[in-house]
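Going in written order, the chains are labelled A, B, C and D, and every chain counts its residues from 1.
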Amino acid sequence: MLELLQGPMLVSILAAMVRIATPLLFSAMGELVTQRAGIWNISVEGTMLLGAVVAYVVASTTGSPWLALLVAILACALISLIMSFVTIVLKAEQFVAGLALNLLASGLTLFWFQNYVIGREPPKFAGFEQVDIPYLSDIPVLGPVLFSQRLLTYVSFLLPVLVWFFLYRTRYGLEIRCVGENPKALDVKGLGVGRRQCLAIMFGSLMSGFGGAFLMLGYSDRFVPDLIAGRGWLVVVAIIAGNWMPFRIVGAIFIFALLEAVGIHAQVVGVAIPHHFFLVLPYVASLILLAGLRSRTHQPVGLGVPYSRE
Amino acid sequence: AEPQKLKIAIIMESNLDVGWSSTLIESLNKIKAQLAGTIDVSWEHTDPMWGDDAENAMRFYAESGEYDIIWGHGRYSDQVKKLNAEFPDTMFVVAGSGNLPLGGNQYWLYKRQYESSYLLGMLAGRTTKTGVIGLVGTFAADDVNDEINAYFDGARSVRPEIMHRLSFIGSWSDNALAAEHANVQIAAGADVVFMLTDNFKPCQEHKIMCFANITDQSKSAPDAIASSAIIDWQPDLTWLIEEWQKHKAGVAFNGNIEPKWFSMAQGGVDIAPFHEFDTKLPDAVKLELATMRQKIISGEFVVPMNTAEPK
Amino acid sequence: MENLLSVQNLTKRFGPVIANDGVNLEVRKGEIHCLFGENGAGKSTLSSCLYGYYRADSGVIRFKGEVAELNSPADALRLGIGMVHQHFVLVANFTVLENIIVGSADAGMFLTKSKARQKIGELCDACGIKIDLDREIWQLSVGEQQWVEILKALYFGAELLILDEPTAVLTPQQSDQLFRILDGMRRRGLSIILISHKLREVMQSDRVTILRKGKAIATVETSQTTAEAITSLMVGHKVSKHVKDRSVQPSGEVLAVDRACATGDWGEDLLKDVSFNIGRHEILGLAGVAGNGQKELFEALMGVRTLSSGTFSLEGEVIAKPTAREMLDRGVGFVPDDRFLEGLIPEFGTAENLILGWQRARDYCRGPFLDRRKMEDLARRKIEEFKVVTASPELPVERLSGGNAQRVILAREFLHSRGLLLANQPTRGLDVAASEFVYEKILEKRSAGFAVLLASEELDDLLRLCDRIAVIFKGRIMGIVRPEETTLLELGMMMAGDAKDLQRTVQ
Amino acid sequence: MISIQRRSGNSPGWNAACYSAALLGALLSSALLLALSGGDPAKAFSALLVGAFGSQNALLGSLSKATPLLLVGLGTVIAFRAKIWNIGQEGQVFAGAMMAYWASLMVGGLPYWMALGVIALAGLLGGAALGMLAGYLKTRFATSEVISTVMLNYIVIFFLAYLLDGGPWMETGVTVAYHQSPPVNPALEWPVLFGQGAGKLHIGFLFALAASVFCAVLIERTSLGYEIRAFGSNPTALRFRGTNIRRLLLVVMLMSGALAGLAGAGDLFGTSHRLRAETLLGIGSSGIVVAMVGGLRPTGVMLAALFFGALKAGAIYMRLQSGTPAGLVSAMEGLVLLFFLCAAVATKFKIVRNHVHA
């Protein structure tokens, strides 16, 4: 156990935390905007998977991870139109629509995988590599944690600030929040509720896809059908645990990531605690946290309630 | 004379992208070519099925009466147990750890890779600079533990003071998690990592040497994978076909009660070629490994088998 | 005077219902024009059409002489038509400022609030509104929220302001202030369409258009008519005002409250040493500006809020640990002020709502099962007796108009209560005729020997109906007076907490 | 002019039309998918039908697959009708199976029928306890049940992983097994009603039927059902009208969890006979789908459970006969759900031809 507290391990734990958190951050920030616009879109898991699949296909055919990322997020933006149609036009139950999309995504992925991937020579593809920022990455302790990551990791750290700025400091963010709290307040001013919700869903979906594509391109050397392995659900949990506030969500994600990183390290250095204990820790911790910190909820009042005029 | 017909129905445990399953098909293809003219081997396989779905599939194949062998490529003895008495002329095969010995018309295959993994351990021991070697596993199980223990034993046989890092990701296919474990082992000093689960990206990134498991994966990361512990089902198939022919000739099925596996000498396991690493590895080490491989095959050296859960 | 707005032949249907049927309406520049009519007459629908929120099926709307194409509120706002909706349309956890500027282009890309702040400040000064722009809506009183709604409309440069029942939730004082504001706006040349059920307010307008069953049946100059005349135009007959039967007089003691105190989440006093009693055959009025503890008092008496100290007793028996269940079992009837939130299950029909709270009572059950037949019988009887307008006993009550929903609650409470009736704002939002119906029913209970606690912001009605009136201010009873011994002015002063030398309590 | 209007009541004929259209839409789009990938939809779907209904055995197989779905679906109905978003069915299924397994280790000396009762009861209790834990967190700490139930899912599943992977319930024998318990005591397996092998229907099916009747009566006909529905529409009014809503919430979570737990116990003692995560995984989430497709009404849930049970049972045959990949089946589930969602909206409207007004 003591070994974990020594310098190099500590640095490694932090670096692992950053790595684990990055894809989650992308998806969470997207989903946050969607939920702040009142749409309870739980299809993050499926959308991440879709992003990963598309990224894999494009990266292995074109060889360009950047193009792959672009196409993946565009595909996810496109697929979000289904969610928009079902929830905004038909005003159907959002929770179920999300569930259906998840099923569809995992089914289609498996279907595609079994039809087109298995039994063929696995394609080579280029992903995102770790970049050591000159000089900075040599700083002791902080260097490897902060400056020896993938380029997009820096974007993921900027993202919560941008999303916060968008939501709280721009006119459009104010409107999005207004839609989530009381869509009628915007409607009576003659501004379209559906259009904003549609855009918010699209942004959320696009960012979820970003997270999935990044997981694929940044961390994996091949595609497997359950690549996402529950991370999409973790994102939804983090949003609730972060009480719908950007920086608290970042906090929640970091706590999850830290606990996972500690768990891995503890196993590697051979701490004599069943590793299940570390696996379960994030969930127990956030449950206790939620029960303990009973602050005023910031859940958007209109979350999950379809809006119609009459 | 007309070649004898042998039809096999295979219930798969995983998709064919997983080495455990794809190697079986490869070996079948080789056997088919080898026996062409005498026995006409053909097979059909499902996509992954477990539990009562698998039982239903087995029953479906058995009831059709077309198949001589029903092969559950994993933990399927529970299912076989419900069928084997009903279909006494069908040969049932199960593979790997976690099965029950039923005997009779159930044959139980095992894959023990401790011999090849001992060799990889020696290679690791000879090449590590830090004196720390790692291994990322999926789950602890009987037929994994032997491999892990042999790997570390092999390393210690050439460098006794070696330290090891070991962790299980608790999943079959969480790729990203596997990478994270590898990263951590590398951070904890390991500079040679045996990946029982696939993802060689961390090894490539940190420019360290890796080993792959089950199939020769060099192609997916030629700059990182020095060699792989590989398996081959040809001896298993040959044995089973012999048993099947005996049954045809009127001898009762006599399935094994004890786990049965084919050693390196019998061609059941081996290590893959070094590919790009052929030029990078010191000749002395390569020679040492080749010599040891010969000794294992000839029986001059017996790799100790230890299935206790490694720590 | 020129017409700012003229509506010709406007028709709007909702399925089979014709909400507006060939309505003609003219609004002059600089006038307060009242729309008056029964619940469900089509006033809200008409204003929603004028605001572009609904699209009229047919008819022509002219604004400043031009034909106005009103396809969405955006069109209306651009033309200069603003609206304050019957139910507030505010974001509870936005600040006042944010609520006003959201959706306006001059909020600036990056929310430059200073310009907006200045503009709103000017509007406030012009109208005499005092409000802290940085407070969040949920922290404001109902009255203040109404000012926000008005500011929202004015901020967008409205020349015609439509107010749908703005005073339904305002106190008389706040309503007076509203009229001062409206008057100021009128003088600046703005026109106002005002919907109200309160005759006192209607009479302050310049002209009144009366709607009945979707049709505009008359427009009259207010100065040339009387409240009675308008009312009978509205319902088609005269509405008689009920007064209490003086032949029965209060006696005994049904409810006695003894120094009840309650505190809020932050330890503030919600109720402080509240004491009073009510006898048989007695209606005790509870007067007070909204938010001075009435709601909390009713909740405590209903057993859904715990008192921090003090007690109350029923029929001489102190209720040690009151729960809603116990109060119901003791025969207490309760008409809450927020009918859809606290009194009804919106998705249930009339039949099921009539037994809410009694769903386990032997009258409607056989063992653990509900007795559907009995419930239906009951519903049929009560729908007839209380003249509830509903398509069927199963139609969800959320589809009923406010007046009809209230009748369902009254039917239930009158049926199950024995001896004590607690009624908080039972006529809020109801038209004159519907209100009189409610009062008639309450007076019947008084005659039958009930004790009634009746809170209302309609002081005239309290003076007319009650045996005594208690005035509550900041959770304290300022005094209890007899209607015949007091004046509106005196009540108003006590409600403002300004009653040191007036304070008295009659038994 | 033709316009679309909200309808006030509901018409059974129109509902049937909407849902049939949805089913057709889902099947057609799956067929399209299959055809696009070079498969033969006609062959696949006829195999699906034969596998689901083609013989007595097939039919029994479908019913057997429907059993846990029905139980979980009914539990979901109870919670969702109260708008309590219990999405912890997955964990509750696990908890039921685990509790039942534990009970089976304890009931050695009891006569068979009594032991069976104890095991079934333990299953109910396991699910109920987990459900009530989430309920307690909500009443005591105001923790959203959506999050607590999801968290508890993970916690229970990891706990089982611990028990089976090096923990006390790990199978020890000839080999160290992968994450499974030893087989349950064969003397304690649940009795089979009909058939054998693929078409084996165990007594859990009767439990599920009984539960369906129970739920239908409970929700529509009893005072408690009234309170459950009222809670879903307006808990505040219910509280003001004298119902102890905390207790009600606990009761709802108890019943909802108990049914899921029974599904877990049934799957363990009726079908798989070994405690193992992967056989239990997915029952909970499929049960939620069944409840939603069934329109949160017990009769609807019975139909939906039968449909999804048949899909699962027939799918095996379809995969074997036509080589259709497994992925198509979960894609089909998603499509059915999506189309049914749209159909549920369509049932609330009607198409009217109205005369034009001048």
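Brief remarks follow.
By definition in this document, a contact is a pair of C-beta atoms (placed from the backbone, for glycine too) under 8 Å apart; a residue touches a chain by one contact, two chains touch by 3 or more.
Being a predicted model, the structure only gives us computed values, none of them experimental.
Any chain bridging chain B and chain C, meaning touching each of them, is among A, D; the list is complete. Ranked by separation of Cα centres from chain B, the top chain is C.
Here the chain pair with the top count of touching C-beta pairs is A-D.
Per-chain CA centroids place chain C at a distance of 46 Å from chain D. Centroids built from CA atoms put chain D at 28 Å from chain A.
Centre-to-centre separation between chain B and chain D, using Cα means, comes to 38 Å. Listed for chain B are residues 47, 170, each touching two or more other chains.
Multi-chain contact residues of chain A (touching two or more other chains) are listed as 113-114, 225, 276, 279, 310. Each chain pair that touches appears in this list: A-B, A-C, A-D, B-D, C-D. Within the complex formed with chain B, the chain A residues making contact are 8-9, 11-12, 15-16, 19-20, 23, 113-114, 117-119, 122, 124, 127, 129-130, 215, 219-222, 224-227, 229, 260-261, 264-265, 267-270, 275-276, 279.
On chain A, the positions that touch chain D within their shared complex are 82, 86, 90-93, 95-97, 99-115, 225, 233, 236-237, 240-241, 274, 276-277, 279-280, 283-284, 286-287, 290-292, 294, 299, 310. Within the complex formed with chain D, the chain C residues making contact are 11, 15, 57-58, 302-304, 323-325, 327-329, 334, 336, 340-348, 352, 356-357, 359-360, 365, 368-370, 372, 391, 395, 399. On the side of chain D, the complex with chain B involves touching residues 61, 161, 165-166, 171, 173-180, 183, 197-198, 271-274, 276, 278-279, 313, 316-317, 319-320, 325-326.
Per the touch definition, chain D reaches chain A in the complex via residues 6, 33, 37-38, 85, 137, 140-144, 146-148, 150-152, 154-155, 158-159, 161-162, 165-167, 285, 288-289, 292, 325-335, 337-338, 341-342, 344-345.
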